[in-house]
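First comes the structure, then the notes that go with it.
Think of it as A, B, C and D in the order they're written, each chain with its own count starting at 1.
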Amino acid sequence: MSQYQSIKEQAYEANMELPRLGLVLFTFGNVSVVDRKAGVFAIKPSGVPYEYLTPEQIVIVDFDANVVEGAQRPSSDTKTHAVLYKHWESIGGIVHTHSTYATAWAQAQRDIPIFGTTHADYLTVDIPCAPPMSDEMIEGNYEHQTGFQIMDCFKERNLSYKEVEMMLVGNHAPFTWGKTAEKAVFNAAVLEEVARMALLTEQIRPDAPRLKETLIRKHFERKHGPDAYYGQSNSKI
Amino acid sequence: MSQYQSIKEQAYEANMELPRLGLVLFTFGNVSVVDRKAGVFAIKPSGVPYEYLTPEQIVIVDFDANVVEGAQRPSSDTKTHAVLYKHWESIGGIVHTHSTYATAWAQAQRDIPIFGTTHADYLTVDIPCAPPMSDEMIEGNYEHQTGFQIMDCFKERNLSYKEVEMMLVGNHAPFTWGKTAEKAVFNAAVLEEVARMALLTEQIRPDAPRLKETLIRKHFERKHGPDAYYGQSNSKI
Amino acid sequence: MSQYQSIKEQAYEANMELPRLGLVLFTFGNVSVVDRKAGVFAIKPSGVPYEYLTPEQIVIVDFDANVVEGAQRPSSDTKTHAVLYKHWESIGGIVHTHSTYATAWAQAQRDIPIFGTTHADYLTVDIPCAPPMSDEMIEGNYEHQTGFQIMDCFKERNLSYKEVEMMLVGNHAPFTWGKTAEKAVFNAAVLEEVARMALLTEQIRPDAPRLKETLIRKHFERKHGPDAYYGQSNSKI
Amino acid sequence: MSQYQSIKEQAYEANMELPRLGLVLFTFGNVSVVDRKAGVFAIKPSGVPYEYLTPEQIVIVDFDANVVEGAQRPSSDTKTHAVLYKHWESIGGIVHTHSTYATAWAQAQRDIPIFGTTHADYLTVDIPCAPPMSDEMIEGNYEHQTGFQIMDCFKERNLSYKEVEMMLVGNHAPFTWGKTAEKAVFNAAVLEEVARMALLTEQIRPDAPRLKETLIRKHFERKHGPDAYYGQSNSKI
């Protein structure tokens, strides 16, 4: 049995959640799970339909995107995952989807405005949309550079990946992450729902105002602050 | 066996209806059921996924939001439920969701206009949207104050909670109630559908007029007036 | 066994198709089936949830809306069905729903423009929306008058109920019919899909033109003309 | 056993995928599979509901649209399929649906703009919408002429059917194709999702710009170029 059996199974389970949550059509998505001690992560093989996926097919890759174990070719987005794991040292899982509403905002190259408490329960800022990459970055090592495009966006805006666990890459699609792959998948579903509600809100009222700061703080802190009182004390998410 | 077994089971069943009706993502919702004689209500524990919820986990709370029975922490919205039960003496159940379309109207801070008979079958006025709370209310006892924000909205507009069993809290999300938790859940689904139809109606015709008074009266009275002829005489809803 | 057993079972089956096709929430719809020889029709009882409905509960009513057989109260829309069966002598079944998109067009009080061949496969004109009824009609025998509102709309526009088997009642919702209840249910689903496509078409292009006459004729006639070549010769629909 | 048993079963399986993927209501779609050596193709019978369809009912037709084997009448769109197989010599399967979003773009008579990488993963141009046919073409051999309308659109725009495997017929609905029927069905689902995302993108930002050329090239080539690195080397799609 592989020494990476545990993260392979976690990656398998987390990947299988994407179609159950309606976040992917065919193979348009991938989840990875990291093993920090071993310095590797487990990721979905490229282009394998979910109904045929097995834990054995999950590929083990190091932080320079070299395949360590596995007969399949890893996800074409593997280099993006590798860059993020290498530089963002406390994340445990990453999700990439082309979920419908989040992708539409990415295609529109707009941040998703914070309109309500559903959004504020998870983050205190608009969901950032990184601009499309420069031609040099695209024509170079594309997926590798996508990781830097994500990190550069966070640096420029002075955001912490520990507090904001979701974003959009302009013209492309969303990425989410978290301390575990389970949390990253949860964030992918929250992002899709928040993206849908924001579009509907603007349709109902084109000049809808952003949520006021006191409500933003209150909702975020009741879930995530030092005196959080949402959920059970032993909850994983 | 708990003396509150009956309301625990009712609360469990009513909570489980929310995902079946497509009204909640993950744990974004809660239902409570009151026992007026005992002066307590049964409510969902905070942050517990529906697939793992059991009747035993339901928490018993009094009208001052003190936990009377139960090992789990109650819903973070418990104080709002407590205020409403304390002041609105004929309601038997309360539902809070973040259902997509109703929440989008709440985020737009607009009442839902009465455009058709689907709406008029249940209430004779636009579905009210309370304004976002003042900073003082938010920074104080937030969920407790949310209950007063709901009641203040009804007082200002001279509405009766016995006739209007649904509303929106601006920037937040919908609340519904009824003589039973079953009816409150029914109202939550009706509200979501009416919210969706109203958005589509404005998209088809931005200046769509409100329903005229004669039709509003007729439809409401055939279901709820003294000579109601909708449904069976022994119907619970 | 009831002499009306056959239409009771047909009405039961046709009613049960509505939730399967996603055309109703809770009990917001009804289907009836006529027995022309006996001068009666079978209709859903009022307000009975689909999951509890049985063929035995179906109510038998004559063309003046008197109950002939059945322990339950018939649908509150029974008088509308009765008027249509009495005056439109070749229809075999009627459906009333509050399906989302068709109801939104009714609430907007607009005909559904014929934008494409999906629409033209079933009718050659815009789907008519009758204006809301006069106050006199509403305050009188409401559901009875609804039947006349439908027929008046067809007379004014010189439409034949044999060629146009679907319409909207302004501010209210759709009605469809056909030679059989099965066909009337089919029409209800077609109407909902055509209503949805028409809304999306206007969103993509606000000044989208109506389909040109040659295409309207061609598509309708290949399904319904004397030389129709769509479907099998023994097809029921 | 029929000498065409293999393509009959392939056509049956591919047709059954359409309702599973949510691409058809009732019988509004058809898939065909070609046998180039035998000079025939297998196509769905006209108007047969998917739940009653069997492999034995699939009809075998030659490239002049003559029935070679089968008791049922073939799809009313058979002549369009025949023309395309005759002139586009490397396609193995064709799909026609009235899927909701793609049909709405066809009704709006607009090309679907390339807004993001989801689109660019499959083609490098806007998805073409052929203009509605001339009255002469419609009143002549309609479905036969539809095939030429599709091919003329590709000629005028200098597109290759080998690179662009999907398009819209104005006022009508989409057609897709591919080396296999399985691929053609895959393309029909991709088209519907891309059509939906493009509509949402314009709703979020009416002046959303097209994807820039470097990103178009990069995404297409990582899936389809000589150095493609998406998917497994033995993948069928």
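Just so we're on the same page, contacts are C-beta pairs under 8 Å (C-beta built on N, C-alpha and C of every residue); 3 or more make two chains touch, one makes a residue touch a chain.
The chain lineup, named per UniProt: A, B, C, D = L-ribulose-5-phosphate 4-epimerase.
All values reported here derive from a predicted model rather than from experimental measurement.
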> Measuring between mean CA coordinates, which chain is farthest from subunit A?
Replying inline: C
> At the subunit C/subunit D interface, shared numbers over all numbers used: above half (same) or below half (different)?
Replying inline: different
>> As a quick test, compute the distance in whole Å between the mean CA positions of subunit B and subunit D.
In response: 46
> If you average the Cα atoms of subunit A and of subunit B to get two centres, how far apart are those centres in Å?
Replying inline: 33
>> Where in subunit D do residues touch at least two different other chains?
In response: 203
> Between which chains is there touch?
Replying inline: A-B, A-D, B-C, C-D
> So in the complex, which bits of subunit A are touching subunit D?
Replying inline: 25-26, 28, 45-48, 72-73, 76, 98, 100-101, 103-110, 132-133, 135, 138-139, 142, 171-173, 199, 202-203
> Which residues of subunit B touch subunit C in their complex?
Replying inline: 115-118, 186, 189-190, 193, 196-198, 200-201, 203-205, 208-209, 211-212, 214-215, 218, 222, 229-233, 235, 237
